[in-house]
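You will see chain A twice below: alongside chain B first, and alongside chain C after that.
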Partner chain A sequence: MASAFLLDMTRCIGCEACVLACKAGNQLPVNTQYIELIEHTSGTFPDLVGGFQNHRCYHCADAACVAVCPTGALFKEDGLTRLNPDACSGCGYCVQACPYGVPKMQNGRSTKCDACASNVSGGGSPWCVTTCPAQALEYGDRDEIIAKANSRVAELKDRYPKVQVYGETQAGGLGLIVVLPDDPAMFDIPTDPQPVPVSVDIWKGVVQPVSMGLTAVAAVGAGVLGVIARRNHLAELKELEAREKAGVPAGGSESTEEEQ
Partner chain B sequence: MSGQEHEGQILRYRTGQRIVHAIMASSFLILLITGLALVWSPLAFIAAGGWSRYLHRIAAVGFISVPFLYLLLDRTGAKEVLVESFQYDHDDVVWFKKMYRYALGRTAEMPPQGRLNAGQKLHHSAVIVFSAVIVVTGLVLWFAKANLSVSMLSWTAMIHDLAMLALTLLLVGHVFFTYVYKAWSSMATGYVPADEMKLEHGKWVEELEHDGAKDPVA
Partner chain C sequence: MARVDLQITRRQFLATGLAGTALVGTGMGPGRSNLAMRYPDPPWFASGEVVTTYNYCDMCPWRCGIAVQSVNGQVIKIDGNSPDPKSRGKLCGRGQAGVSFMNDPDRLQSPMIRTGERGEGKFREVTWEEALDYTAEKILAIKDQYGPESLAIFGHTSGDFWFTDYFAQAWGTPNAAKPSSSLCLSPRDEASTLTFGFPVGGHEPLDWDEMECITLIGSHIGEDSRNTVMQDFVEARSRGAQVIVVDPRFSAAAAKADYWLPIKPGTDTALLLAWANVLITEDRFDRDYLDRWATGLDELTAHVQEFTPEWAAGITDLSADQIRTTARVMSDRLPRAVIMPGRHVTWYGNDTQRMRAEFLVNSLLGAYGRHGGMYFNKSPFLEPYPHPPFAVHGSSGGCSAEPGEESAELPLGPTGKARADGARETFLRGPTAMQELIDPMITDDPYRIAGLIVYGVNLLNSIPMPNRTIEALKKLDFVLAVDVLPQEHVAWADVVFPEATYLERYDELSTVAYKTPFIQLREPAVPPMYDTMPGWMMARELGLRVGLDPFFKWETIEEYLNTRLRSVGSNLEKMHDAGGVIIQEGKPYLEDFEADDETPFHTPSGKIELSVAELAEAGLDPIPVYEPTEEPPDGYYRLLYGRAPVHTFAKTQNTPDLSAVYPENELWINEDEATALGYSNGDRVWLENEVGDRTGPISIKATQRIRKDAIFMAHGFGQHAEGLTNANGKGASDTKLMSRYKLDPISGGAGLRVNFVRLVEGG
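Let's turn to the complex of A and B:
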């Protein structure tokens, strides 16, 4: 079972209560925020269309940030993308990888929405959802959320001809299901975000484990062979010494006097 | 050619060479462990908090400085290793054919070798090439990461990882031969037993004796 957010942009009034609740609830430092409200409008007055983009982690099922994270600080849980800042090394690969430009570096660590893991594990709801005065945000079972989004779209068709559900299939299916009043491009979000490149899978899934395996095999092999080979070499040296003692000239022994 | 305390011994590596080797070895091991923290999850705790990133960079500066330090501390030695490591003669070819015997600790039927045996030459040249690859990709990841797409980032990191695999396997071989041929002293004091050198680096010992006869002071 996966959980998801429902973000109904036709209901959002742009009050930024979610931004503040998120900051306060998650005790974020002064210049950090997980939600950014960006106003988008198009058309000419009085025929304006637009809304407030609630820019935050989209919780991709095929999350590029998780795929590139070297320490496991970013991981998937319950359909959402969590972040354990204690495990973060601050490499910044997630910043490069995210197709939505979400993770930011703060004091050398990655920061982003983790869907209020601590609240949710105690049976509560994320701060933004509990605070929203316009019922633009909901949180629950992903299938139910998608059903709700579809019925909302059906209701809104007359008012917003281009209204659509965003997030059902993008990046393997998002954990943030958006009721978009217009095309994604209107809100600066990709219609179909770039999938995680195959090279990432080769790098993390083949090159790294194979390298570790080869190194382990080589080290163990060298250890075993080393004991045998050293014994052989010591025996050889002993034989040489014995021959020299017996006065049998062995490879250039006449030069020993010259040397001193 | 050697003082009383080093009777029957040959100076194989001068002080400058040993200092350079020690810096290369220690910086490499730090780079290996701090880098492994991003590859092998049981070591990920080292990377937590990010301090291993700084250690990795400090060690990287040490590693990059090795060729310059070598030139500074022992110009002759640096030139020798560069020239000799890429020059092979007929004995070297025969040596490679019989290499399995050498790897088993048997020198008896090996062709006579110079200061560097054929395996050491190959080792040095491989270390030089893969070090260059790892330094270039490492500098890209250090200074140009923000300009890389995910795909370029993964390619660069992949090449960086593969170069480290090569260098680590070379290190395993290096430690292996050091153990089998009791070569620890060449790293620690620089002196090695003369009779063992005759066995393993016959042509070099001959050369030294030849030079020594011409110029007894050397």
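Let's turn to the complex of A and C:
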């Protein structure tokens, strides 16, 4: 059974309760957050359309981050993309590969929403869902969530002519089903998220099994290899970050993007 | 004089306070399962017994009921308390950060007495005995020399009851004030009292469940993070309720609106009068309702004839068509259509009249006491702790004040002095106006205010004209600051009392006037950190040292609370077991009053007063008229301010988790204006008002979401307090740009949106 979030952007009012509930419930370090509210506005005063993007992991079925992860720190479970930080080597490939720009490196480890795996497995809900005052967030069986999203969209057509369900098919089907009030471009979300780059596929298909095999053989030596691999990965990551800084940050010309 | 050994009291707290709290787990199962291998560290809720205590949140004045979860003596997670009518299991971001607020390493940790000059911030740490004895000696000296009225007490946040209400009234000063009155909601509550005979109350009584049209005038739902209102607004809208938003800025709520009216700032009353004109001239109002429940319809009808949509269009920058259409949208849904009474409404100095105009439109819509309109709230029944008669009647008001009638006479202190804020002379009525007590501290007119106790008010970041406040602080004989954090004004205190946060203390019960009146419990999740003390204990210890023993007969706070709870058949243990809340029956609708042959309107006529005789007798307009507001000079913008969703007032900017999410405010300026000035997004600028006060630097947010004649920023930033690691020097301060305000002649409110600023380079 696959689980999924429902995120109804026609309800989200940008209060950021989810951001802080996530930080508190998951005891995240003060400088870490798994959810960001990004404001989007299009048009010219006074003819404006606006909303928030609740930017967070989309939990792709064909998860690029899982595909490139050399250590298995990122893995799929119940249709969601989990992360075991202790297994992360800090290579940063997931940061590069994610079509949504979600995983972040923090203190040499990848970090992102894991759908509150520990809390959910104990019978609770993800912290963001529990607290959302706008009840823009729900969590449950993916098929039921999709059915609910579709019925919402039918109800919302009058108010939002372009309203649509996002996530049913993207990247093999997302674990974050979004009721989007407008075209994905309005929120800087890819209509068809880019497939994992070929170079990464090769890396994943050839290099990773070899290194994993070595790791399995040299049980003691794995630590040494790990350290070397990790050092290399960190160097690559630095280069990646430098490139990112030099490049143009994400953001379309039609919309202004500002962090709240 | 009775004394309590503080050490014993604190030990008793540890022993009885925590043990007396029945400990209940959350019922949440241990969080490890098949994930154990992949998640080596157990989550917090699986690392020990989860203990839940009940509380009401103090991260903003809204007071959501919360369930506080602790493990191994550490508070970990706060959630909305499910049975609480305000939170319903949900909580905003600030409430979620309560643990971060409590664990802020910058907290005041010990009582202190000043060693340097005032403002230098030099103190020595002292024992509570010394701090309390010294404070008692100082305020008794003031009482002896000038009378008890010469001690002013300012208070804010949920523990303010003990100082601003209880201690102040026992001591005998009428000069107790809360910023939530004259710097926030006095105009709307006076307007409501004049029109309906009752104030709006702390929780605006909108009957959301059946509402079909909601109009917001400058109310920033979402950005102000009022939990219950966000829940209700989004639910009503999703159900199909029409949303009309009047705002110079494309706010988060405006982005959800069916009709956004980007009004010219300061012209709202013209719009409201034009709406009334449409409703009346097109016969689109609830005539039967007004015939039965109101007086003054003929006067109102005659009054609004000239205020046509065409007339208002020229004033408001809106089209006559917009005005007419939105009035019809409302009237098509009456009485399930209301304009939400704003909260912070001290804008232009004519604010009571603007709020009156809002209430007249609501009355034309027949909203009061009707399903889907405005219900009548009711305070819960709960007896006070028995005490001797107070030395002075309280008049500090505030958003926690209970609905009631204002007495015709101003309360007098024991030596016969009334409030020093000019009430009845410079303004007609309403609670004590905090900003009007600053001048008397400097001028001794009408009499000397020699001492000041500041409980939780960020003096220099909430009262306009902060330079004047500093002048007053220099002149006072004695200043006591009670606070959790070393806020900017704390450097000006003679004595500092560090307070335990709401998660570390029992407190007065919170009584909420609501559709279903209810009582909220505050019990400690953990004992006070450092050498801090709950506000109730400070007030009591001080009271015992200044001869107020008869008011503090209770030995422990548990005794005080249990005595009060006995009047509703409960006690601390029972209330805890019941989930921290006691809910009573309300009387929300007109039919409930008709059944009892009563009127809900406590005006002189017993009806809604569309025209108010009291105003006419005072030489004021009995029905609101539009008064133009001063325009910004060339090159200047009107300074508008509001909230960022994860911050409250000037209180939370230093809270680590909240500072991390929103570290400093941004300057909203129309994109075309910014371009013309040569600025783009992210540029750092300073702001300067007309008299040369500067604040900054602040980052430009060039946006289409605001009119060209105004700028906007979140309030509470630009603080200068060295002890606040995260907040010090971050962003710009709206308060520091407020070199003037316009006094509302009815309510004593300080109109704060009358300052004009320009962008400059460098400070």
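Criterion: the second predicted complex is superposed on the first by the 193 of 260 C-alpha atoms of A that agree within 3 Å, B and C clash if a C-alpha of one lies under 4 Å from a C-alpha of the other, contacts with A are read in each partner's own complex, and residues count from 1 in each chain.
We take it that a residue touches a chain if its C-beta (ideal position, glycine included) is under 8 Å from a C-beta of that chain, and two chains touch if they have at least 3 such contacts.
Because the structure is a prediction, the values reported are computed rather than measured.
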Task: Figure out whether A:Q96 sits in contact with chain B (first) or chain C (second), or with both, or with neither.
output: first
- Query: Who does A:D86 touch here: chain B (first), chain C (second), both, or neither?
  - Reply: both
- Return first, second, both or neither, reflecting whether A:K104 touches chain B, chain C, both chains, or no partner chain. neither
**OP:** Considering only the touch criterion stated at the top, classify A:K76 as touching first (chain B), second (chain C), both, or neither.
**Re:** neither
*After superposition on the shared chain, which partner residues are touched by A:T44: those of chain B (first), chain C (second), both, or neither?*
second
| Looking at the overlay, does A:Q33 come into contact with chain B only (first), chain C only (second), both, or neither? | second
Overlap of chain B and chain C contacts on chain A, residues 86-87, 258, 260
Contacts from chain C onto chain A in the complex sit at residues 28-35, 38-46, 76-80, 89-97, 99-100, 221-223, 225, 227-228, 230-231, 233-235, 238, 250, 252-256, 258, 260, 262, 644-646, 656-658, 660-662, 666, 670, 681, 701, 703-708
Listed in rising order, the residues of chain A that touch chain B in the complex are 64, 68, 70-73, 86-93, 95-97, 108-109, 194, 196-197, 199-200, 202-204, 207-208, 211-212, 214-215, 218-219, 222, 225-226, 228-234, 236-237, 240, 244, 251-252, 255, 258-260
The answer for chain A against chain C in the complex is residues 10-11, 13-21, 23-25, 27, 30-31, 33, 41, 43-46, 48-52, 75, 77, 82, 84, 86-87, 117-119, 121-124, 127, 130-136, 159, 256, 258, 260
The chain B residues in contact with chain A across the complex are 1, 7, 37-41, 44-45, 47-50, 52-53, 103-108, 145-146, 148-151, 153-155, 157-158, 161-162, 164-165, 168-169, 172-173, 175-176, 179-182, 194-196, 198-199, 202, 205-206, 209, 212-213
